[in-house]
Each structure stands twice: as C-alpha cells, then as structure tokens.
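Each of the next two complexes has subunit A plus one more chain, namely subunit B in the first and subunit C in the second.
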Partner chain A sequence: MREKIIIGLAIFAAGLLAWNMNTIFTQLPDELNQGAIYRIIYFHVPANILGMSGFGLGMLLSIGYLVTKDLRYDALAASVTEVSLVFASIGLATGSIWARIIWGVWWAWDYRLTSWLVCWLIFGGYLMLRRAVDEPIQRARFAAVVSVLGTVNAYISYKSIEWWNTQHPQPVLSIRNGGGMAPGMEAPIWWNLLALACFSAILVMVRMRQEAFAREIDTLRRMAHAQ
Partner chain B sequence: MFLRQVWTVAAKDLHSELRTKEAWNASIAFSVVILLLFAFAFDPSSEQIREFGSGLLWMTYAFAGALVLNRSFARELQNDCLDALIASPVSSAALFVGKALANFTMLFAVELFSLPVFGLFYNTWPPRFAPLFLVMVLGTWALTIIGTLFSALTVNLRLRELMLPTLVYPMMIPVLIAAMTITTNVLAGNPMGFGMRFLVAFDIIFTLLAVVFVDTVLVG
Partner chain C sequence: MLLGLGAAWLIMFIYVVLIMLRERKLRKELDRVRRMVENPNK
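On to the complex of A and B.
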C-alpha cells in the first residue's frame, strides 16, 4: 500500500513541478526591478516554509515520543527533521545566490538569515547526535530533548537577533512587507509549495521505511549476538 | 532537603576540583591563550577595542567554559561514579542543580581571573564594576545551565568531546548576543538596556526546561 502511495504522490509531484516550471520559466515575464533572478523565489520561499514547519513538526513528534515512548514517533521525528534540514539548506543556498545578484554579497547579517543559520546548525547538531548514539532508546530520548530545546532556542534566537541586529539590511521582497506581488506572479509560489510538500512527504516515507529496516536489522543483530 | 542535596553535590564537585585542579588549570591557560590570540586578529591598541572588547570577552568565557563543562559529568565516569550517583537517593534535579552550581562557581572564578587579564592586555576597564558583575552572573548562569544539561547528555557518547561544542554553541547564541550587547554598553558607561530582562527571562526558561528534562536525559 505504502509503495502505491509513494508512487502516486511522486507522479503527482513530478507532473505539478513540470507544469510549474513551464509557468515560471516560459509564461511569466521578468520582474521589473530584479530581472530574471526573481524566479528563485518560487523555490526559496516554499523550501523555507517546508523547512520551518518541518522543524516545528519534528518538535511535536519528539514530545509525542517523550510522552508515549513509542519509537515510531522517534523515527518519524528523525525523518521529518532530516528532510527539513535538506529544505533549509536549499533555502539558504537559493537565498545566497539571490543575494549575490541583488545585494551584491553572498551573505548579509540580516536577522532572518542569521537566525535561520543558527536553526540550521542546531538541527545539524541533532542529526550528528543521532549518529553518535548506538542504543535506539537512548538515541530517541536524547534526540527528543535536543529537538525540543533546539526549537525553543531557535525561536528565541530569531527574536533576539531581530531585537539587536537592527543595523542590517531590511528585507527587500515586497511579499514580506505585505505589499504582495502581481497575482499571476504569486500563485506559482503556492503551487510549488504543494509540489515540494508532496516531494518532502515522499522523502519522509522513504526515510521512515529505511528507519524501520534499520530497527529490524538492529534487532536481528542483537538476537545473533545473544545466541 | 532538596537544597541540602544540591549543596552536597556542589560541594563534592568543588572539593574534587580543588584537589585535582584539572578543569581549572586547563581553562585558565586556555582563556589566556585566546586573549593573546585575539591581539593578533585585531589591533589591540585601537579605539575600536571598546566596541568589540565585549565580544572578545564573552567568546573567551564561552570557549573556556566548554572545558569546565566537558569535565562536569565526565569526571564521574571513572569507577562508575555516575551510575552510583544516579542510583543514590538524590533526585536527578538535585544532582543537576548541584552540578550546575559547581560549574557556575568554577566558570565564574575563571571569568574573574581572565577579566583583569583582558583589562591589562587591551587597556579596557569598565567605569563601574557592579553592572558588569551582574551581567556576568546572569550570562554565566545561562551558559552553565545549557552546558551542564548537554554535558549530561553527551557524557556516555563515543564522540563526547566533539558533540558537546557542536550542540552547545548554537544553543548559547541568544545568551551571548544579549551578554555582549549589555557588556558593550557597560564598558562604554551607558545604561544596560533591556537585555537584562532578556537574560533573566532566558535564565528562568532554560533552568526550568533543564530541570524538567534532566530526568529524561540521565535516567530515561
């Protein structure tokens, strides 16, 4: 059943993505001030939304694990966080490319950029920690604690950097100021969000299956050692 | 009862540190080396030192602190002392707060030592010491509480020495930003600003979170 869902979702996501690409690259005109590079927004914004909501979901699942002690929550939290980290990396990379063209620098110490980087580092640490612990229950416990503290801390970092680093460049995108984009230009962002969300769901499901296999192998290994 | 247990654990840690001076010596030497190295990174005689001096000071504290915090639970590994402590009738929360208090005292002592070294090397002294000590107490408590919890979390890992800094430094960023900003104000003789309220709030939130989670980390 899961195989069929994965394949179905994959076909849907691929079709939607192809259609979006067509709209973005052939139908839409260049933006007045930014030229062709503005198209990066169609990947930058959805990737960051997915990354952010994924980290939040990962925290909820971690709390779920701490409450129920059910290892499936832990596996799901790990998969979601891992996929979110990939999207966060895409968000950082696309943002950096855009900044190079528009701001003239690869990186600016804007509070959004800085706090997103802090967040990326925290969850990078989360995944490294998972690799460093061999015992599954201990790994789940430690990872859940780091996920909860990390999410709280990421939010505090975001606010604190916003409060203190005010001398840095303000956001340039009109969508962030509530100005909005031309209607035809904004819609593909949401369509792409849907396509990438399907794509991330596929990745999470594949990763979950891998996690289940890993658990099974671990059990078999223990049984083999016990005999 | 709780306070007596906390005090017993803290006193035990401080006693054993006073006898061996392992973390203390390493931490002091390390902080002097960092302060020396920064002199090559910036021009130590320039006027700008007033602006980035506070950053330098807190980076020194954060780096030197990692040495103290790394030893905190690791010193209990020999002879399975950690298992004995967990099995003893002391609650995890009391054990944690006791350890945090001991770490705080050690780190604060290192800071008190490196502050005049910083003043001498960079010729920067605060106009008044009381506000600076207040920031140091609040900031150090925040660093200690995060560091002690992660020290407990990483103590049994294969890659303990690598994992602790990787996890702890990103977590310390909000505290360091606040502490650096206030210290810059204090060094310039300005009012401390609202960062103090932030530090107090951070201390309370993370002390509570750490006390809630320490049982999960140590016992499960």
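On to the complex of A and C.
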C-alpha cells in the first residue's frame, strides 16, 4: 500500500512541477527591476516554507514523544526534521545565489540570514546528536529538547523580517500582507509548494521505512546477544 | 537563475542518492542480523 501511495504521489508531483515550470519559464514575464533572476523565488520560498513548517512539525512530534514515550513519534520527528533540513539547505543555497546577483555579495549577516543559518546549524547538530547517542530512549529525549530549541529559533527567523529592518526583502506573499507580487506571479509559488510538499512526503515515508528497519535491526541484535 | 535551480536540484539529487545508499545498507544489515538470529552457531 505504501509503495502505491509513493508512486501515486511521485507521478502527481512530477506532473504538477512540469506544468508549473512551463508556466514559470515560458508564460511569466521578467520582473521589472530584477529581470529573470527573480524566478529563483519559485524554489527559494517553497523550500524555506517546507523547511520551517517541517521543523515545527518535528517539534510537535518530539513533544508527542515526550508526553507519550512512544518511540514512533521520535522516528517520525527524526524523518520529518531530516527532510526539512534538506529543504532548508535548498532555501539557503538559492537565497545566496540570488543575493550574489542582486546585492553583489553571497551573504549578508542580517537578522534573517543569520538566524536561519543558526537554525540550520542547530538541526544539523540534531542529526549529529542522533548518530552519536546509541541508547534509543536517551537519544529521543535529547533530540526532542534540541528540536524545541531549534524551532523557537526558526520562529524568530520567520518573524525577523517583520520585527527588524533586514537586508533580506520584507514579506511579499499576500498571506503575510506583503502584496509585493502580482497575483499571476504569486500563484506558481503555491503550486510549487504543493509539488515540493508531495516530494517531501515521499522522502518522509521512505525515511520512516528506514527507521523501522533500524528498530528491527536493533531488536534482532539484542535477541542475538541474549542467545 | 539556472545556477539557482541547478543548486536546488543538485541538493535534492544528492539527498536522494544518500537515502538510497542508506536503504541498501540497512537491508543488507537486516538480512545479516536475521541470519545471525536464525543460525546462532554459524
């Protein structure tokens, strides 16, 4: 059943992405001030939305583990956080390339960029911590605490462009009262978000299966040692 | 612009390759441990 869901989601996401890429590259005009480079926003924004919301979901699942002590919550939190870190990496890389063209520098140490980089490092540390601790219950507890701390930082990063004057552009999406884009230019961001969210769901499902394998290996090893 | 899109897809591609390699490694390890439990004297 899981395989069928993965294949179905992959076909849907690939089709949606192909249709959307056609819209972005052949139907939308260049932006008045930025030219063609503004199109990076169609990957940069969805990737960062998935990164931030994934970290938030990971935190909720980690809290779920702390409340219930059910390791399945921990496994799901680890899967979601790892995939979210990939999307956060895409957000950082695409943002840096855009900055090089528009600002003339790869990086600026403003509130938004710095807080998001710190967030990325915290969740990178989260994954390293999980590899370093062998005992599953201790690992889940430590990881949950790091997840909560990292998500608080992610929220600060999310709000930073409203709270402070940053070199990073202010909100442009209509749901954040940005209103900086024409509706026809904004819609493909949401379609790309849907397509990438489907890819994200596929990756989380694959990671969950791997977590199940790892748990089974751990159980069998304990049985082998007990024999 | 193409550099940005290329970077996005490259990161995704690298992650997918890593996840596939991890899956293969886990399956091999699972088979090995299963055999070890089924035939403890081997």
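Heads up, the rule we're going with is that the second predicted complex is superposed on the first by the 201 of 227 C-alpha atoms of A that agree within 3 Å, B and C clash if a C-alpha of one lies under 4 Å from a C-alpha of the other, contacts with A are read in each partner's own complex, and residues count from 1 in each chain.
Everything below uses one rule, namely that contacts are C-beta pairs under 8 Å (C-beta built on N, C-alpha and C of every residue); 3 or more make two chains touch, one makes a residue touch a chain.
Quick caveat, the model's predicted, so the values are computed rather than measured.
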item	value
Subunit B versus subunit C as contact partner of A:204, first or second or both or neither	neither
First, second, both or neither for A:149, with subunit B first and subunit C second	first
Partner chain(s) touched by A:157 [first = subunit B, second = subunit C, both, neither]	first
Subunit B versus subunit C as contact partner of A:47, first or second or both or neither	second
Partner chain in contact with A:141 - subunit B first, subunit C second, else both or neither	first
Contacts of A:37 with subunit B and subunit C, given as first, second, both or neither	second
Touching partner for A:133 - first (subunit B), second (subunit C), both, neither	first
First, second, both or neither for A:216, with subunit B first and subunit C second	second
Where subunit A meets both subunit C and subunit B, residue numbers	none
Parts of subunit A lying in touch with subunit B, wherever the complex brings them together	66, 118, 121-122, 124-125, 128-129, 132-134, 137-138, 141-142, 144-146, 148-150, 152-153, 156-157, 160-161, 163-164
Complex contact set, residues of subunit A against subunit C	36-37, 39-40, 43-44, 47, 86, 89-90, 93-94, 97-98, 199, 203, 206-207, 209-210, 213-214, 216-217, 220-221, 223-224, 227
In the complex, subunit C residues that touch subunit A	1, 3-5, 7-8, 11-12, 15-16, 19, 22-23, 26-27, 29-30, 33-34, 36-37, 40
Interface residues, subunit B side, partner subunit A - complex	149, 153-154, 156-159, 162-163, 166-167, 169-171, 173-174, 177-178, 181, 195, 198, 202, 205-206, 209, 213, 216-217, 220
